[in-house]
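There are two complexes below, and they share chain A, which is joined by chain B in the first and by chain C in the second.
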Partner chain A sequence: MARMKFLCDAERCIECNACVTACKNEHEVPWGINRRRVVTIDDGIPGEKSISVACMHCSDAPCQAVCPVDCFYTTDDGVVLHDKDICIGCGYCFYACPFGAPQYPQEGAFGARGKMDKCTFCAGGPEEDNSAAEVEKYGRNRLAEGKLPLCAEMCSTKALIAGDGDIVADLFRSRVVRRGGRPDNWGWATAYKD
Partner chain B sequence: MRLIILMLGAFLLSACYEDTDVTMHKAGVYKGKEDSHALSAEERAEVLKQRFNSVQTDR
Partner chain C sequence: MKLTKRDPAAIRSDKSGVNRRTFLKGSGIAAGGAAFMSLLPTAMIQKADAAEGRQPAYDEGEITRVRSVCSHCSVGCGVTAEVQNGVWIGQEPSFDHPFNLGSHCAKGASVREHGHGDKRLKYPMKKVDGKWQRLSWDQAIEEIGTQMLNIRETSGPDSVYWLGSAKFSNEQAYLFRKFAAFWGTNNVDHQARICHSTTVAGVANTWGYGAMTNSYNDIHNSKAIFIIGANPAEAHPVSLQHIFRGKERGAPIIVVDPRFSRTAAHADQFIRIRSGSDIPFVWGMLWHIFENGWEDKSFIDQRVYGMEEIRKEVANWPPAEVERVSGAKEADVYQAAKTMAEHRPGTVIWCMGITQHTVGNSNTRALCILQLALGNMGVSGGGTNIFRGHDNVQGATDFGVVSNSLPGYYGLAEGAWEHWARVWNVELDWLKQKFDQTKYEEVEGTAVSPMYTNGITVSRWIDGVLENKDNIDQNDAIKAMVLWGHAPNSQTRGPEMKEAMEKLDLLVVVDPYPTVSAVMNDRQDGVYLLPASTQFETYGSLTSSNRSVQWRFQIIKPLFESLPDHTIMYKFAKKFGFEQELCNQIEVNGEEPLIEDITREYNRGMWAVGYTGQSPERLKLQSENLHTFNTTTLKAEGGPCDGEIYGLPWPCWGPPEMKHPGSHILYDNSTPVAEGGGPFRARFGVERDGVNLLSEEGSSTVGAELTDGYPEFTDTMLKELGWWDDLTAEEKAEAEGKNWKTDLSGGIQRVAIKHGCAPYGNAKARAVVWQFPDPVPIHREPLYTTRRDLVEKYPTYEDRRSFYRLPTRYGSIQAKDFSKDFPLIMTSGRLVEYEGGGEETRSNPWLAELQQDMFIEINPADANNAGIKDGQQVWVDGPEGGTIKVMAMVTQRVERGVVFMPFHFGGHYQGKDLIDNYPEGTVPHVRGESCNTVFTYGYDSVTAMQETKVSLCRIRAA
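Coming up: the complex of A and B.
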């Protein structure tokens, strides 16, 4: 069975932020929420590296373990999703996540913390596939349409790859062999323990 | 008049009901709606594999 994973090739990422824009546009993510962001390490110093970070859909997701209302589930594809109807916006998942993936919109007149929002691997949520409710709460469900996450599909340098972990690993391995050096599959040791 | 007061009182007291059912936390046990898919996991995996090969492999 496929196990969906993200991989950002730091040697290829040019910090164009197109993945961030594509995600926001595709899912109509509200102001103040970034499901994906590009982080640059040693910015301005020769040898700087950029990586595109979002929910890594961990194999043993810490967010899922700490959620007091058990609103998280892992699909057969290995995608970690949550039910916004149950989420109480407590923020525990934010503290547990090593990637800072969970985001909270400000709601109401006093800007109270709303229900958690995060990358869905373009797999929507527990509502009916691509129904109005699913699109409104979670964004589009591209996986149900036979497509992969837009952030990866439109990455111009193919730095961000998304798909079955085995295929992604094979592709990355062939790149490392071709260019030499050490593999730097950022975040995998943290996200995918098995 | 007394009847109206009684009815109003009963109506107001009904707001005092408190649901005593407690939702127990069990780590990893999902309590939300079921996520159904049109295709099985194997069929989906095959479709997504074809998609990966057509749009994400190195050129």
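Coming up: the complex of A and C.
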């Protein structure tokens, strides 16, 4: 059983926004909705770091915990999805999410009913894989086609990695080793204090 | 694990029969919101309307995958398109592609939109009494052509300016240059002039060819990476993948820039210098290198001419003077020099920060000299990795879409015309009578006619219109301007450009979009817009920055009424009556010249640069076998292309049958010429003032039978060497009286290579370019400088009477002190989301959403002094009278006294939104002021490159 994860290697992210436009391209996400975005800290000064952020598909997802209508569910692959037919667009999940992932359309394709929209890990929704209804509500289902999220597949520097957690970890570990030691990766010191 | 590979059959006949297209159509109808409608490709609306019923049959077509190449920057990333029933429905990563390994930047990941964009110019239009009117192609060509022929009659052929494009394929670029020659003018140019012309001139005059010497992929092998005047993290994002591979193998990255760029954020050492002080900085590094004996003495002795003169100049740049002029501190400069000395081979990367200066050619040569001193040339991991700008700016340069040369850098002398007339299969006398044969310009004391003199450059076409015609070295001023795939807002002196556009008799824009040319002027009549197809709607080859030639396949048919550029050229040729001569060796289908035949034609003429081996068949075979190429060496390992370098990077010698693999690394003596190696080119004679210019014993290419230096190959040289009889009888007949550049049989090249020698000779690189205004690169203050204290010691050039046919000012501008009224140094650059003038990318909603406001970066201290807050609108005034209203971005990215602006915006002019000037339905999602409305005069002393990296301005709250 896979456990899908995203990892953004801050040593490599250059804020090129390929992940953002790849997502727009793949799912025809309308203007104003950003399932993924790149966040830069210390912009313009030494120490500047960027990371690409979307729904992190948490194991114990706060959105899921707080949703008053229980529209969220986690797939066998560990992808957190939601059912737009149940969603009431209340915004409680936005309040709970640590990453600002839930999006609320102002207008356009995903906004006809004011439903919450977010990154699906390119895994669609509860409808039949790549059915009209699924594509309309959630965008394409790449996992069902044996592909991974396009944002990561197209990342300019291979900073953003997506896939099974074990494989992602192996990839990143080998990078750390090649770099010859501890990376000054964003969050590293928090996770492993001296 | 749920990751089951989907049966391809299932994709084709999905149970519900739904794919992205019906999804789009359905939701578009349901939503109808303005933002969404902008996403909906109009092509699909058209086709849906045309089909019977509401459910068109194209929902159930087979999905085919088509390979193309991104049309933005010069990295040359592979694009994989999914096409169904003629519609581009999906874009997948090209994991097999050796340059990008599936990756894209924001622009590359969004190219599918360009193939659908509803902001496109949809049919030919002209302006009548201030209103845009639709007209047919035939009517447009007829009207434009007739006016041009009238201008030709009254003012001469040089009064029509043919401004071409780096967005052409190689075939289109070649055909365009040929077309201009057949019209009878050298007033033809393209973006390379304002991008890397100083690189081409400076670097070619140092060691033979003016291009990137290694490749993006080869940076994996670099032991140090020195980036100056470049911001690849935004301008060439996928190159960072290769840079990071080098970095993660231990190569330190040094970034030198006036601005703490996104590239600098990933550097091991960042050194801030004052804009326009590159030569002092590089000489500062060399000062430490010479002082500590870190130079590669044997390399210099064997392969470099003139380093002693460089030493003398470098001695004038001790650390204190370097700091005084550039601001870089001794310890930092020393550290950078030491890093480069201790990590060999290191590579040097530069872009517009080096080239776009009045001393641009000297800047590029200084960096070549740095690499020569370190012995970093001709080796994997070293080299000057000069990142070109547009996807095919390298190719368009190679094919001579420039005012100073015919294709292949043959120049404009009689011999060059003779060569190309033979290749084109036309009489030289026929060509001559197309040109104005009156003599105007004095070249070395004799008057010469325009056929043999450099035409006006794109950087200065406005002066060709506005200048008094008596001061222009041609019959009359420019009366008709054709902007073919060009953004005018990428050029300086906006207000004068507006004036020039309004003064013209005729303004013609050929482009997929209306561009800023259509809207920035107040003309009421005499403007034509002709819709060109993008490169995704046609096919052909292009040359990426590393000289690799790639083949693009057609993804979709031309959208709306647009036509591929080569078809439009043919239409004009027909109107002018030379279509037979233009295509006498090229099959024409309807009005479309066959691309493959154009490739084959240039294969027969491009000997000097080695574009002779890349036949369409070889290029196509490579693109079908991408996976066989090693992603570091770029060499195919097994498969049908075994041993070839990806893209057959030029020089790819001989005819295609010779199967030369292309040259991955230029001037690499450790590889036989037959396998892509070679020495520095013998281009500058064999000796000067009694000093040998050919390379010394022991520096010949592996396998060369001539172990000493040797000049370029000619028929007589073959005879003297006793190699003449290696030629076949047919080759002998053709080669008699010719040299390696003009022998159309390729025999001279074949025999030279057979004996292990480079056809172009084996010489030293030269650190001193004696024909240039500054033979040894020296520092000169910018025309607009805040450092008045340095002007006396480091003055600019004197004004010139005739330079590319025009009077050119230097000293008379620098003489005046503008720094009191305009105290801020103004510089410009790129953003990752947009490209060039930005019309195409600002019309793409996926990109436009990410950068919605034109802005200016201001240091907090300057902002506070001017009473400006972050996000506020400000006026930026330039010293030549332009003024623009933009948003303030207060940031420490720029130092105190410096402001930065991106140059991709357009559609606003001096505070006014020009939205009403666009033809209906073509308004880009994002518009803004062009920074070039306030950028000023200033041109490189060799190529007339525009100065866009140093000017002055003041800011005030709006």
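Miscellaneous remarks
Criterion: the second predicted complex is superposed on the first by the 173 of 194 C-alpha atoms of A that agree within 3 Å, B and C clash if a C-alpha of one lies under 4 Å from a C-alpha of the other, contacts with A are read in each partner's own complex, and residues count from 1 in each chain.
Assume a contact is a pair of C-beta atoms (placed from the backbone, for glycine too) under 8 Å apart; a residue touches a chain by one contact, two chains touch by 3 or more.
In this text, all values refer to a predicted model and were calculated from it rather than measured experimentally.
Of the two partner chains placed by superposition, only chain C is touched by A:Leu150; chain B is not. Judged by the touch definition given at the top, the superposed model places A:Asn25 against chain C, while chain B stays out of reach.
Shared-chain residue A:Gly89: touches no atom of chain B or chain C.
Contacts of A:Gly165 after superposition on the shared chain: neither chain B nor chain C is touched.
Looking at the shared chain after the overlay, A:Gly125 reaches chain B, while chain C stays out of its contact range. When the two structures are aligned on the shared chain, A:Pro102 is found in touch with neither chain B nor chain C.
Of the two partner chains, chain C is the only one that A:Glu48 touches; chain B does not reach it. In the superposition on chain A, A:Arg175 makes contact with both chain B and chain C.
Touched residues of chain A, counted separately for chain B and chain C, are more numerous for C. Residues common to the contacts of chain A with chain B and with chain C across the two structures: 1-2, 75-77, 128, 143-144, 146-147, 153, 158, 164, 175. Across the complex, chain B meets chain A through its residues 23, 25-38, 41-42, 44-45, 47-49, 51-53, 55-59. For chain A in complex with chain B, the touching residues are 1-2, 4, 64-65, 68-73, 75-77, 81-83, 85-86, 125-129, 143-144, 146-148, 152-153, 158, 161-164, 167, 171, 174-175.
Considering their complex, residues 1-2, 11-12, 14-22, 24-26, 28, 30-32, 43-46, 48-50, 75-77, 106-109, 111-112, 128, 130-132, 135-136, 140, 143-147, 150, 153-158, 164, 175, 178-180 of chain A touch chain C.
Considering their complex, residues 1-6, 11, 14-16, 18-20, 22-24, 26-28, 30-31, 33-36, 38-39, 90-93, 95, 101-110, 112-113, 233-234, 237-238, 240-241, 244, 248-250, 260, 262-263, 265-266, 270, 832-833, 845-847, 849-850, 857, 891-893, 925 of chain C touch chain A.
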